[in-house]
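Scrolling down, you'll hit the structures one after another.
Shared chain: chain A. Partners: chain B in the first complex, chain C in the second.
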Partner chain A sequence: MVGEGKKKTMTMMLFTGPYGSQYADHMCRIADRALDKGYGVQIFLYGDGVHSQLKGQNPKAFFNVGEALTKLAEKGAVIKSCVRCSTARGYVEGEFNEKEERYPSSKTIDAVKIYSLYGYVEMLGNTDKAITLGSSN
Partner chain B sequence: MARLTMLIMSPPHSDESAERMCGLSNRALERGMEVVVYLLGDGVLCSKKGQKGYIGQNIRTAVGKGITVRASAKDLRARAITADQVEQGVEVVEDLEGEFVEDVMEKAERVITW
Partner chain C sequence: MSKILVLITHPPFGHENTFAGLYVASAALSKGLEVTVAMTGDGVYAGQKGQVDPLANINMPSTEDQIRDILDLGGRTIVDQDSMSERGITQEELIEEVEVQPLGKIQDVVLDEGEIIVTF
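Up next, the complex of A and B:
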């Protein structure tokens, strides 16, 4: 458990999309337990991992990753996705919005901010431990 | 003693992840590191008793050599694997994600995910 003082933070980078494998599911479950234990959580979606930000996910039998990310953000997780990966997959609809600190998209959930890869670098500069999910092959 | 924590989420025979995990955990142990392996999702299939070949042999001997192996009870149940079908010495843990988080944040010096 985390006591008084600065909150320890875990950063996770997700490389795979939801439903093709369980990596996104595992990431959400680990993040949820970390938040419950009082740790800070930062998540960066990269490569096909950005598909987890899609609005309106409606899996019939699987864990809903979009809803899980929304709940994690409500509990305090900071979640960003790569703008280059998001652009390649058709999510980005304009230039960076300085006020909202995100690239605009009507296709993504509010919980995830599309951002440059520097967003991940900033996360690494403000983390105690970092792990990756879905990148071993 | 330096502590290496590993998380494996992929099955034992579909790709090389489990094999790499076994090889690396053995080498780390030989060099004096404390090694803890967490099996999550399809990773729990690595703990199933009676597997032939490299993975089965390694999981059977890992615990005896001092490697801690923990498997998610929830993910074992999801795959209809009962406690008596798990290799002896593997710890079956209900809140594997929570234990993994505490290990990573409070104990481990290095963390590898597969």
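Up next, the complex of A and C:
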């Protein structure tokens, strides 16, 4: 495996949006614990999972997934989302920005970079563990 | 190089899951990764041939076309015979190149082929 003798890496894919289920919460809590245990954490938002990147989430009672993703990025998690899924759901506002390595959007939190699906493939090609959440809906 | 197993458990239409999973498989193959697609449960319907232009008819991509692309790219595709039997699907109804695994063997394939397992 790629992580032998060095920092281990975990890749998480979220396929469902926040609040309708707790998959996003579970992912964020597992990712946070993994970071605390010394893992490198890579997250890819796919399908309806891209809604977790929405800026300004304000749940009254639920776990705030947008804030959690921002904290995870601050702790070192790499977080990307699918451009095809994001475009379909109205997030993408232009062509790929080479300098920032992301597709532009004023509607998303800075912690998440909208990227091609190859971003997920690169994560899978460089990981010790892989988990998918929310694809059983 | 990691072996990636894409486990398909949803039917081809009605949900985005199967399209999304097969799309990951194609992308991974095009980047040189080793990929096996395993269809089980309602996922076995994705392997049926003769889909009549679903993109034009119901605005959903053809999983038959996606699987043929995966095979062309060198991917392995397997279908769980147990799930086929439960649903009355015969091997003749499937894309010819898709492998049908005997009863109970799908679990062995998942363990042998899946260093990295992603589920849809």
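The rule is short, and it goes like this: the second predicted complex is superposed on the first by the 131 of 137 C-alpha atoms of A that agree within 3 Å, B and C clash if a C-alpha of one lies under 4 Å from a C-alpha of the other, contacts with A are read in each partner's own complex, and residues count from 1 in each chain.
To be clear about the criterion, a contact is a pair of C-beta atoms (placed from the backbone, for glycine too) under 8 Å apart; a residue touches a chain by one contact, two chains touch by 3 or more.
This one's a predicted model, so the numbers in the text were calculated from it and none came from an experiment.
With chain A as the common reference, chain B sits beside chain C without any clash.
In the overlay built on the shared chain, the residue A:127 is in contact with chain C alone; chain B does not reach it. In the superposition on chain A, A:47 makes contact with chain C only, not with chain B. In the superposed model, A:15 lies in contact with chain C only, and not with chain B. By the document's definition of touching, of the two partners only chain B reaches A:39; chain C does not.
With both structures placed on the common chain, the touch criterion links A:29 to chain B but leaves chain C unconnected.
Shared-chain residue A:117: touches chain C; no touch with chain B. Taken over all C-alpha pairs, chain B and chain C come no nearer than 7 Å in the superposed arrangement. When the two complexes are superposed on chain A, the residues of chain A that touch both chain B and chain C are 132, 135-137.
Chain A contributes residues 1-2, 11, 13, 15, 46-48, 117-118, 120-122, 124-125, 127, 130, 132, 135-137 to its touches with chain C in the complex. The residues of chain A lying in touch with chain B in their complex are 8, 10, 22-23, 25-26, 29-30, 32-34, 36-37, 39, 128-129, 131-133, 135-137.
Chain contact summary for the complex, chain C toward chain A: residues 1-2, 4, 9-10, 15-17, 20-21, 23-24, 27-28, 31, 33, 115-120.
Chain B contributes residues 7, 9-10, 15-17, 20, 40-42, 95, 97-98, 100-102, 104-105, 108, 111, 113-114 to its touches with chain A in the complex.
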